[in-house]
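Following this message is one structure expressed as structure tokens.
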Amino acid sequence: MDLPALGNCVTSLSCIITQSTSGLIIGMLLFLVAAGVSLIFGVLKVVNFAHGSFYMLGAYLTLTVYGVTGSFLLAVVAAAIGVGLFGLLFERLIISRVYGSQVLMQLLVCYGVILILDDLVKIIWGAEFRSLGMPDVFLKPPFLFGGGVVPVYYLFLIVLTLIIAVLLGLAITKTRLGKIVRAVAVNPGMVSALGINTGLVYAGVFLLGGMLAGLAGALAAPVRSIVSGMGLSVVVESFIVTVIGGMGSVAGALVGSLLIGLVRSFGTIGFPLFTEGLMFLLMAVVLVLKPSGLFGRET
Amino acid sequence: MMKSSFLRDCLIALAAFAILAVLPFVYPSRGMSDFVIRLAAFGIFATSLNLLVGYAGLESFGHGLFFGLGAYTFALTMQKLGTSIPVAFALTILLSVVVACVVGAICVRLKEIYFAFLTLAFQMLLHSLIIAWTPLTGGDQGLTGGVPRPPFLGIRLDQPYHLYLFCGGLLVLCLLLMRHIVQSPFGYTLRMIRDNPARATFLGVQVWRMRLAAFVIAGAFGSIGGMVMSLFVSGAFPDFAYWTISGEAIFMIMLGGTTVFFGPLAGAIMLLMLNDAVTKLTEHYGLVLGIIILMFALGLRKGFMDYLAEWWRGRQMSSVAAPAATQARPLPAQPVKVAGE
Amino acid sequence: MSKGSDTRRHRRDFIKTGAALTATAVAGFPFVSRAQNKPIKIGMPTIQSGRAAMVGSSSRNGCMMEIEKFNAAGGLNGRMIELIARDTKGKPEEAARLSRELVNSDGCEILFDSESSAGAFAIHEVAKDLGVVVMHMNTETSSLTADPKLRVPTAFRASRQGIHDSIAAGSYAAKIAKDKGLKKWISCSPDYAYGRDSTALFLEYLKHFYPEVEVVGEVWPKLYQPDYTDALTKILQIKPQAMYSCLWGGDLTAFVDQSTIYNLFTQMESFTINVADYTILTAIKNLPKGLHSSNRYLSTFPKSEANAKWAADYRAKFNEYPITWSWENATGTKFILEGIKKAGTTEAKKLADAIRGMKIESPFGVDGTVTMREEDQTLVNYAIGWGQTIPKDPFMPDVTAVDWKVIYELETAWKKKNNYT
Amino acid sequence: MSARAIIDAEGLDVFYGSSQILFALGLSVLEGQTTALLGRNGAGKSTTLKALAGLVPPRRGRVRVMGIEFQGKKPHAIARAGIGFVPEDRQVFPEHTVEDNLLIAQKRGPNGEDYWTLARIYDMFPLLSPLKQRMAGRLSGGEQQMLTIARTLMGNPVGLLLDEPSEGLAPVIVARIGELLRRLRDMGVTVLLAEQNMHFCLGIASHALVIDKGQIVYRDTIAALKENEAVKKRYLAL
């Protein structure tokens, strides 16, 4: 523990700015994955442990498409769509068969898929870690403000994910489709009795979750190492976010992700050895005080 | 009637122990005895998890807490205090009971998925603690330097046959005890709570107290699994407290079945053998195991022993046409809440 | 007729096995078949899945470089080497289990430990238990061979060692620091045993050679942490003059990629000890210029024909660059094979006696040789040097070799301080 | 003019787990009529409606909507064929506003009918109009019942399955619902009305079915039932 260092940091404006932006960067990428996990859990009551693998697929797809076309934009779009479709297939062919089974059975199925995907990725792209490299557009000196530094790419990343977060939030609260999705989360039987094909809604949620995870993988590709098994830590953190924010809540996923980002960035200064423990501690506290999460519905 | 069935179980246990004792003379192989030791660790551990999942309806993601706690407490007691093995065993179980009381009291009030995540959080806290407390635990390197195995009561665990028989005997004993627990009135109360907590409360059962008791018992047995593992590898590693170890136990009980007492043991045998066979044959272990898991999970949609038991009951029903006395829980058939149900 | 003899042989085998088991039970020694024409089986618990799967492939490739030569030359009186690699998935308990199984069920007579350090300790215990020869190929944790309490007479190490690397790094970095007046240092290393030990020792020797150094901060990202933004911003906050990092593998490439967009490397001298390995050098798309690094494996250092040829052969054979695990495993294998030749047997005690203190020719040695030091059964006199990166092949054109005399001297002092003598 | 059956069922066997609720149940509801399904608590009224709506799949038997087989179809398919279901325990979406509840259910009828708009609904249910933006979970029981019926109407159904709309509500609200059902009948909507309370049905329904222990035990006009003291006493406890 290094509390004096933490004290020094929170009394210095430039440190607060830098660590907060750092928390924001970590949090926003996490949000893209966690939002899918949270929606899928909220609507389908499925613990999609394989969501980290979607993220991994996104990164690898980006690697390949970028390598072939040289266009980062194209690669990002391809990854989002590709992984979205994969999510759709995964829902239709695999996970829809264990709806209503014990949570642990769903977990087993997801684990099976993780094992298969990790190995397939290794067979297709090799066991060694890969790196995409920063696309030329973003190779510019970082911005400086308030004594803090923010690289161009991260600024792009924050703005883009914030836009997506807002759009997603609006879509889920304001559009008819979003309203239906939220209604399915509460009472799928009734929604079905009103003439709405809930199976399509389920598939759609997986499509959306897959697209977001694919996008996260694509956006992570220029800065993170791409390797089989890279989805694991992300999916574990996503579940922490989902629990903290409340299952099924987009706003909760956003706040939870940012909270985890901040815990990580300030925890590095104050509790350098125990940041992971800190995240789980936060999760435990939320579960004990308000099991449904900060933005969750009491059930 | 209760008594006589316990007596019968004791006899079966004795017979099993005798077979284990003779086995190495009939089929001499260190590989086999190593397998039995590992099976003892995971068999006890998985069965103890099923006390929670199958009998009490508490789906824990964090049972590895006790596996890790058991392994580390035992290994540390042996290394640092230099006590005899039975004393270290007793101390470890005692500590596990205390920890289980505290953690359980916090966790069992939550329902379903929240319970699962909270147990996971506690397990990961232990894992973080092990990693961070390097001077005591050796951090991520694990507790190295070996676990001493001084002789006690004529048992010399530094000799392979003794270690084998000790662990095998422990497996038989723990299974016997757990079997006794699930067949006791307490066990039936747990099942009633699992199937209908509201009814149980109505009948005056203190639901959370019963759940806590189940949690503590499962924790104590879980720590025995960890101790056996620590004896086997002669050390302890942070992996023993990582969520993957809970995951493995979950796969064992899901593969083997949650509704039959020996399901978890069958699952442990299956997963260990699968693991050993597949790693021997291919380096694409994940691919093969993943496909097998999917075949089981999507094909049977239940554990292997569950499947057998159902098939057996079906046969009996059709031949005798008598209502089957089911202690099995019907699978939740409805995928989602049906309107107006 | 043939059936009868089969049964008889079977019964004889059975009796023999039974007797062996009794012997095993009493003496704790495994039953090992010693038939003359059977292959010599070597068991290799290693990581073939998960994030560190590269360990397994490059280690096995390194071993095969030597084994194929040995077998092509006729083996040991016609007995060929058979390498059996198994996936531990990076789990120490699996490493322990597989090592036992390889010896007990598969009849392996020798173990190659190509695991991470936690796995190495587990395998070490097994070797002690079963009394087989084990060659540790990858682990750099110094205590494994330095601590006499852990010593096993049949266990050897053929890899770099943390203490050697740290002394070398300290002496090199101190020279640069003195020249450029770098006094404010920060460290950014993975938060686990290797990272902590290596960093503490580096800083100790850096101060030993240049006492004016002040450590102004430490950052400990987790192993396999995908994102280093929090660490980077903390470093930028502190504004040190120099940074030390022993991140490795995919973590290191991500760290370098992320540092680049923060312009971190233009703001301080960076001593990233593990950059100069071909996986890293080729994986990073925009390798920054001027990073200081130790050689993990470079075909240009030691600058010898043998080394260049070995690298070329390796690339031709496996269609990939050799890396540090490749040369370490090749070296370990060579010690075992030379030992077998010298002892004329695979019997554990005799083989261990043969290897102990042995000096062999090697492209990776300082003067064309490396030695398995007698006192602690670990590899010495391998090439250690430091240099600065350029973005293109040969990536690190000028490597300054570090003098082993300095290493020996400080290592002895270190051992004394830790009561390892 | 012989009216065609909007919905008819034959030989329905329905189980919950291992216990059988409906035994070879058959019924049909003719176009334009309001039929009351009467029976004591637990007789199987709700289960019958749910089976017709596809929410509880029958193990045996068949369900037809306007002559087309719908056995084994998902609830949404039956709903799209024009059968609207109003559950007994209301099941509004509590965290959606009243208007959102209505919008979710909005769809054209099976033949492209789009009679029901928000404006017409508020006209028909003046009570809901000032509550548009209120969360449905915060409405009173009577308001929720109104909303549930209104929500189902938004799907422009041809036939309505109404499960005990009067249950647990204050008399003044019950009277309003009765009035509403009469207006729907006059508009030509076909209704199957499950009720315990025969008197509530008297001014609404033209025909009556009596269900007991999962079987239809009586069918006739409601006027005839009113006079049949034996049936009333035996099956309806009146």
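Every chain is named by a letter (A, B, C and D) in the order it is written, and numbering of its residues begins at 1.
Keep in mind that, in the parts below, a contact is a pair of C-beta atoms (placed from the backbone, for glycine too) under 8 Å apart; a residue touches a chain by one contact, two chains touch by 3 or more.
Not measured: the values here are computed from a predicted model.
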Chain at maximum distance from subunit B, centres defined as averaged CA atoms: D
Contact-richer chain pair (by C-beta pairs counted) among A-D and A-B: A-B
Subunit A-subunit D separation of Cα centroids, rounded to whole Å: 44
Between subunit B and subunit A, distance of the C-alpha-averaged centres to the nearest whole Å: 33
Whole-Å gap separating subunit B and subunit C, where each centre is the average of the chain's CA atoms: 37
Subunit B and subunit D, separation of their C-alpha mean positions in angstrom: 51
Contacts with two or more other chains, residues of subunit A listed in rising order: 118-119, 122, 187, 189-190, 192-193, 198, 273, 276
Sites on subunit B at which at least two other chains make contact: 131, 285-286, 333, 338-340
Residues of subunit D touching at least two other chains: 55, 85, 87, 91
Contact footprint of subunit A on subunit B as seen in their complex: 53, 59, 106, 110-114, 116-118, 120-122, 124-125, 128-129, 131-132, 243, 247, 250-251, 253-255, 258, 284-287, 289-294, 297-298, 301-302, 331-341
Residues of subunit B that touch subunit C when the two form their complex: 24-25, 28-31, 34, 38, 131, 134, 138-142, 144-146, 158-161, 229, 232-235, 237-240, 276, 279-280, 283, 285-286
Subunit C-touching residues of subunit A, taken from the complex the two chains share: 9, 14-15, 18-19, 21-23, 25-26, 29, 118-119, 122, 127-134, 138-139, 141-142, 148-149, 151-154, 220, 222-225, 227-230, 233-234, 264-265, 267-269, 272-273, 275-276
Subunit D residues touching subunit A - in the complex, by the definition given at the top: 53-55, 74-76, 79-80, 85, 87, 91, 93-96, 100, 103-107, 151-152, 155
Interfacial residue positions of subunit A with respect to subunit D in the complex: 176, 179-180, 182-183, 186-187, 189-199, 297
